[in-house]
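We call the chains A, B, C, D, E, F and G, going by the order they appear; numbering starts again at 1 in every chain.
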Amino acid sequence: MSGQRPLDILGRSVDKNVLVTLKGGKGIRGRLVGFDQHMNLVLADAEEIGENDEPCKSLGSVIVRGDNVIIISPPPT
Amino acid sequence: MSGQRPLDILGRSVDKNVLVTLKGGKGIRGRLVGFDQHMNLVLADAEEIGENDEPCKSLGSVIVRGDNVIIISPPPT
Amino acid sequence: MSGQRPLDILGRSVDKNVLVTLKGGKGIRGRLVGFDQHMNLVLADAEEIGENDEPCKSLGSVIVRGDNVIIISPPPT
Amino acid sequence: MSGQRPLDILGRSVDKNVLVTLKGGKGIRGRLVGFDQHMNLVLADAEEIGENDEPCKSLGSVIVRGDNVIIISPPPT
Amino acid sequence: MSGQRPLDILGRSVDKNVLVTLKGGKGIRGRLVGFDQHMNLVLADAEEIGENDEPCKSLGSVIVRGDNVIIISPPPT
Amino acid sequence: MSGQRPLDILGRSVDKNVLVTLKGGKGIRGRLVGFDQHMNLVLADAEEIGENDEPCKSLGSVIVRGDNVIIISPPPT
Amino acid sequence: MSGQRPLDILGRSVDKNVLVTLKGGKGIRGRLVGFDQHMNLVLADAEEIGENDEPCKSLGSVIVRGDNVIIISPPPT
């Protein structure tokens, strides 16, 4: 038994806002437009997130290469 | 003989609390919702764990990319 | 459901200007000429981007090996 | 001729105590419950080992992701 | 649509001078003799390039292992 | 022509003493018991080697995960 | 067109002296005895090369794991 598959869970976040933590410590928040099996991600209306969890730079649409991803999560509510 | 397979053991932890140690030293505790063969993980009610093994930040639901994982363990009892 | 595939999205940026953030912090801006499934990229009229997001060095045509890529995005407008 | 295969040798250590040295310098000692072809390991009654080769923290049961492993050895006798 | 494939573009640089930027910051300039799908490269009359983009050491013929490559470009004209 | 294959050469060192240099600088000397195609190694009567090429710690039997290996050589005679 | 394949070029260096630059900066000079498709190398009469490009340590025969290789070249003449 392996429970719910991570990529299936990720699929449910499409069109929703997610917070992505990258290797090196950078955080990016944006609307998840799509992804593939490598966890390559497409985010729309993306913002770089600073130390204090506040947006510090507007990025627009971005493609994130999956091997940089540590954690993907919905933003804190 | 290879004993019990790690992913089979991990399967028994689904729906239970686990502590995940990531490369770079970060720890995350949460309920294991699911995983795949890369050790990509889905955790619910996740919390970042600080130096003193105490929760220091609520993360909600998170998807952890498997290549960041060092150790997965049930939390100390 | 995985939404729109990252490489399909990338395909729509061919012949357009993109900003590529590389591991180690370097940024390169240029016109996307082509790419492959590893995110190896070909950029024309490429410029290295400095700390202040301003061009600091002309690179001409470049082939970027995909495993160095963190983020690909259209340049800020 | 390749002698005895490492994973066959590892199989003989199942149910025995092993010392695992991880990238970054951490050491873990525990009873080897099982493993797979990636050297993902399951250890029971695991303890983190400090600089002086003495146990410094009880970990209980742990799954170690194989790509962090440098050396696996029976503990010094 | 993925535009022109990076390795096809690289093929057009065979027998021409290229500048290769390697991980760790080293640069090598030389005539591209050949390459393979890993971006392993063969350069003839190669020179190591110093901080000021000037040749600082003659290397002769070199084989560069592809996983060290960041960027390949024709030299500035 | 690729000359003698590295793993064939390694096969001739089975049952002989080898010196293994690992990423991070650590050296291990021991009798090569076996290996596989990833250069995972089994060493018996292994010793950690210090800066001065002298044994500094007895390790007994060890399994070394191949991706940590830089160089394998017979010990200096 | 991909020109001459790197591994074919390497094959012509068998039985000749080569200089190998490794990740981390170490250099090794020796006679190339053989190699495989991962660029695992066997060198005979190998010497470690110091900062000044002079031999600083005799290594004898060595097997170099390919993923450590940056550059292979014939020694300067």
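Just so it is clear, a contact is a pair of C-beta atoms (placed from the backbone, for glycine too) under 8 Å apart; a residue touches a chain by one contact, two chains touch by 3 or more.
Per UniProt, the chains are A, B, C, D, E, F, G = Putative snRNP Sm-like protein.
This structure is a prediction, so every number in the text was calculated from the model and none was measured.
With angles rounded to a multiple of 5, the C-alpha fit of subunit B against subunit G returns 155 degrees of rotation. Work out the mean CA point of subunit D and of subunit F, and you get 19 Å between them.
The mean-CA centres of subunit A and subunit F are about 42 angstrom from one another, to the nearest whole unit. Subunit A and subunit D have CA centres that are 34 Å apart. With touch defined as above, residues shared between interfaces to two or more other chains in subunit B number as follows: 7, 10, 67.
Beginning the circuit at subunit A and passing next to subunit C, one meets the chains round the ring in the sequence A, C, E, G, F, D, B.
Contact residues on subunit D toward subunit F in their complex (touch as defined above): 1-10, 23, 39, 66-67, 69-74, 76-77. On the side of subunit D, the complex with subunit B involves touching residues 7, 10-12, 14-15, 22, 24, 28, 32-36, 40-42, 46, 58-65, 67-68.
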